[in-house]
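Structure incoming, see below.
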Amino acid sequence: MPGNTFGQIFTITTFGESHGKALGCIIDGCPPLLELSEADIQPDLDKRKPGTSRHVTQRREADEVEILSGVFEGKTTGAPIALLIRNTDQRSKDYGNIAESFRPGHADYTYWHKYGIRDYRGGGRSSARETAARVAAGAIAKKWLREQFGTEIVAYVTQVGEKEIAFESETHIHDNPFFAANESQITELESYMDSIRKSLDSVGAKLTIHARNIPVGLGEPVFDRLDADIAHAMMGINAVKGVEIGDGFGVVAQRGSVHGDELTPTGFKTNHSGGILGGISTGQDIRVNIAIKPTSSIATERESINMHGESVQLATHGRHDPCVGLRAAPIAEAMLALVLMDHALRHRAQNADVSVSTPDIENL
Amino acid sequence: MPGNTFGQIFTITTFGESHGKALGCIIDGCPPLLELSEADIQPDLDKRKPGTSRHVTQRREADEVEILSGVFEGKTTGAPIALLIRNTDQRSKDYGNIAESFRPGHADYTYWHKYGIRDYRGGGRSSARETAARVAAGAIAKKWLREQFGTEIVAYVTQVGEKEIAFESETHIHDNPFFAANESQITELESYMDSIRKSLDSVGAKLTIHARNIPVGLGEPVFDRLDADIAHAMMGINAVKGVEIGDGFGVVAQRGSVHGDELTPTGFKTNHSGGILGGISTGQDIRVNIAIKPTSSIATERESINMHGESVQLATHGRHDPCVGLRAAPIAEAMLALVLMDHALRHRAQNADVSVSTPDIENL
Amino acid sequence: MPGNTFGQIFTITTFGESHGKALGCIIDGCPPLLELSEADIQPDLDKRKPGTSRHVTQRREADEVEILSGVFEGKTTGAPIALLIRNTDQRSKDYGNIAESFRPGHADYTYWHKYGIRDYRGGGRSSARETAARVAAGAIAKKWLREQFGTEIVAYVTQVGEKEIAFESETHIHDNPFFAANESQITELESYMDSIRKSLDSVGAKLTIHARNIPVGLGEPVFDRLDADIAHAMMGINAVKGVEIGDGFGVVAQRGSVHGDELTPTGFKTNHSGGILGGISTGQDIRVNIAIKPTSSIATERESINMHGESVQLATHGRHDPCVGLRAAPIAEAMLALVLMDHALRHRAQNADVSVSTPDIENL
Amino acid sequence: MPGNTFGQIFTITTFGESHGKALGCIIDGCPPLLELSEADIQPDLDKRKPGTSRHVTQRREADEVEILSGVFEGKTTGAPIALLIRNTDQRSKDYGNIAESFRPGHADYTYWHKYGIRDYRGGGRSSARETAARVAAGAIAKKWLREQFGTEIVAYVTQVGEKEIAFESETHIHDNPFFAANESQITELESYMDSIRKSLDSVGAKLTIHARNIPVGLGEPVFDRLDADIAHAMMGINAVKGVEIGDGFGVVAQRGSVHGDELTPTGFKTNHSGGILGGISTGQDIRVNIAIKPTSSIATERESINMHGESVQLATHGRHDPCVGLRAAPIAEAMLALVLMDHALRHRAQNADVSVSTPDIENL
């Protein structure tokens, strides 16, 4: 399969470029009889969409989703669900500079060498704008998981640049432009982001994705382990450079006597594993961390070459996020939802006799 | 597809349990006319095999590979290549304890809940012994990559427990039992590992995988990016809990003006990206780090439950690696080779007119 | 993968129902740099579309295709190509009868039992209207094949009901409403079809699909043989009940001394194989026959049951083809094109060193 | 995926050449807890194996199967099941003639052009000997289907050359060397086959495959319809040139008023569809016909060319079936079983809430 399909049984195939006519996807493999309308999808798109605060790109997109197929009388039918999001803000401009040159940190150079042609308008297919389709599909997966297992998935930013963000409460996440589970540091973060923007630079971010009410038994060893597929999903988000499950890189210096989560008749005593053992969910909460690189488009001049191999100086002006990580939370939630739903269906195919249920022992 | 096949065009499907009759795999999609014999595969298996030093499990396995098909008169024919490794040291013993109870940190609990049945002998399918098949297949991929592009892949341990291992030279890697690119710290590491073993405990490890002479253009956005597939491959290795590409989690605190690798007419000036931009190889060296958790089987008693939900105390005696990370280097090399070869063939399918070649600008 | 994706490397995923908002597909894996616009696609859609003669359904659909992505400055970019066809003639009517009952010969009964829900408007997803998306995608495959190898694919009707249609010349195919390679029998066929329609009944049809200028070497034994994949493609067209390659069922009574095509230094002497040996193309012309069942929707009353298991009498009035086979030619051409292009790319992935070229010996 | 894997959820990947060391396969996706041993598989292999009568090849192969993995304490574990069949009768001989020349009707020519290398010993990978692995895997699918749904699959020869074989009773099928559901014509068939062999020629055959106790709802429109996947499976058997579902090519001359199977509260009145509507099983019996070409290896001299393009005369002496169709019955049964089991699991993944059960109305 070419690279624009995700999943094995619950699959999404996305299309669209940053400044093309439309974005969207086809979801194939959604079980029938799920109640579904645009209203189930739009809220997640709204969380991801640009222009919501001064700390993100000022591009204006309604990001309105239209369901074209697969739903009849308010319910899924088992037929493929096509979702369409028309691009509205395709600001006409002179791309001369970008069209000819490779912006440092961007995919310009690699797309050019791979395909021999490149849609340079706003990054074309390599733009994070494509993730709108993933978020839309993820909203469907979230809904299904919630109805089946009560699964809840939440992502939040735990570090921006060198600023660690203390976890206070998940209730704060959507009350600030940083997707921070925090209330007390917001003013400090606002100032920090303003200073980054004024310095014509950008910073990276770290996010945590946390899922609870997970059925035990999801994951298909030995290659399509749940953790492997989560890593694939997360590293497949634009700008992600690192993925951790559970204690992640913290395990290097741990002792086995600490790491291995002990069990009691009432459940696991700890959750160093992040809810996955042997590539299969334990029924405990799943914890994932991701590292997102600083935005490559910055207003500072940088050295590069053009298509003819000549030296150029490039600075990116215009509508760009000073920290792309700030809008990654809805995307990361969506990707985790897609993985979990796909694995729930995969599990069901082969193990119908073994119930997919949250374990009767207490989660940690 | 169920979970035991890896790759899309160059695929391997593995089989076998720790204490079953045999391990092996079928490789499908290997191009014809590659010269191949067991002698091309055995050296990598020998690096991975147990019993080579006092710091790893003392299980004795010859790990001799037999090519059953797909090779004729010393060359691959395009037909599937079946590789067989018979298990020889299936030490007969009483598994009563393990058979009934779930060892902390192991896949016992999850396999039981997923499948309703569990081959408890040595961990069955969840044992890292299965990776012998991957290493065997990876040796074929390595050979093909070397002949096509001159690609070289090397993995080494950069940290064991809290001990960081300085990089001195790759020439040392196979001269010590730690797969360390280091000569001066080996005595210290020997003592350290002895102390861990004596304390009846285990430690984690960090490895770096480094590949050079990579063609530009490998990777299939937006989901099967090269970095996403590497993450999938690495997180799919037993005990891996974290994966980094390039600067990895280091990007969180970086500025965009530092991270984005500048280009000059003679090549990239830096390699913070780890050789991948937009999910496609840049032609620079690929750098990956992985975190491996401490061995779960330790001789210290730990709390757990049995299949009836009753409390038990478990300690694992016998042949176990005090640091499973020490034998992970050949596995990580193999997995990276499998990803790269698969992507080289995927690229070739769709972009025959665009040459898959190392860029003419200098690699960093 | 769920069932709405076709192909392995050049893939199409279709969506849409007969009376939904739109039909369409995403094509993933199209090589970059192919010149493409709607004008390359529309002519094939026009051949398939309804309402073009009195012998087919009178539903009016413009079937205008819009390319939403994957094309930049007139060329494919390697990114997924989304095609959209809005439904325009969604005649509002009372579906009460059909909504509750299972029409004989239709998929009503099976969709209901499979999914527990059924979009009954015009057959929903099971309608042949869905094939518009395939025809659109097939037009792209045809163009690519023509440019790469000079491949030409043509389908024509060789039998309608008990009327065999003599092959006169391919030039006639688009000059009559029967897709017949014939000029002299057209008046007779017109009368025949009129009589069928007046008798409130329908008839089956047989089609031949003929492809020339085929590269040698396409097909991936042992399961994805070229003939096996053609059979999959053809039997996957609505109403097809039989598929033949080369001499087809005629081989049963043949002798080996007749069937096995002899070779001479200037080429094959005969083509009983239909251009495929061992599942791989020989470079000769490919010949396929398909059998299409009579239209299930007829104005004659038939016995059936409703969703409550009660007896009902059903007759279908309105816009229906008295011989669905008459519009199958463009669909069959499209499906063969999709198979051939997919296999050309699959071949290229694994056998780059072996040229995909038409053989230098003469085709028959 | 390369071409040696069959199925999507219940998959088999085969390996092995006619005169290689071994044949076999890996089955991935078999549900756990199925009781399984070699004794469940061997009987089907014995039906397919050569040398059982004077009417088939006299090659002697024990075709003994060994289960290498995936079964523990007599039950499947959910892990991949590897099956191994060692070749024993690799008669050493001079292949000089065959090694250099392309036998008419064989895959010699196409394998050579596709791969640039060819294992000429006994046809290598293109030999029907490979189907032993399919039969072995099919035996597992048959067992699972029987236990889940009571499904029974039987194939028999209905025509050999110009001799039609009347259906008398399925009980006769394994009492004669022709897999004929017939007792009275056996003597006549014996003479007929003797005369074919004496004339140094071969003939084709037609087989019917009949499956009963089929759950309603199997099949994944629009591409992976049950009938499409059956066609793929059947046309993928060596030497098959035609496939029919239900009335097959007989539908061409049918009227819609005849073909569309009427329903009553107690079930379908007829079964012209062959048990499949809209690509989904109706719960009725499935009926498939296949056409198998005459054996290409005959002792009569035929014209061909060698690898250097020079004219040669070829006759095949030695151990060959005068009618390959005679041994195809177990293979066709196996392939249908593989399709049905795969689709049962696919259905289960997406439609767990909709029971996969035989319909409560009477089958025909």
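Letters A, B, C and D mark the chains in the order given here, with residues in each chain numbered from 1 onward.
We adopt the following convention: contacts are C-beta pairs under 8 Å (C-beta built on N, C-alpha and C of every residue); 3 or more make two chains touch, one makes a residue touch a chain.
Remember, predicted model here, so these are calculated numbers, not experimental data.
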item: Centroid-based (C-alpha) most distant chain relative to subunit C; value: B
item: Between the pairs C-D and B-C, the one where more C-beta pairs touch; value: C-D
item: Between subunit B and subunit D, centroid-to-centroid distance (C-alpha), Å; value: 39
item: Inter-chain centre distance, subunit B versus subunit C - centres from mean C-alpha coordinates, in Å; value: 45
item: Separation of subunit C from subunit D, taking each centre as the mean of its C-alpha atoms, in whole Å; value: 26
item: Subunit D residues counted as touching two or more neighbouring chains; value: 1-5, 8-9, 14, 29, 32-33, 78, 114-116, 125, 346, 350-351, 353-354
item: Footprint of subunit C on subunit B - complex, ascending; value: 9, 29-33, 78, 345-346, 348-354
item: Touching residues (chain side subunit B, partner subunit D) in the complex; value: 1-5, 8-9, 11, 13-17, 20-26, 28-29, 32-33, 66, 68-70, 72, 75-82, 84, 114-119, 124-125
item: Residue ranges of subunit A in contact with subunit B within the complex; value: 1-6, 8, 14, 102-107, 109-111, 113-116, 125-126, 130, 159, 161-162, 201-206, 216-217, 219-225, 227-236, 238, 240-265, 269, 273-274, 276-283, 291-298, 300, 302-305, 309-311, 346-347, 350-351, 353-354, 359, 361
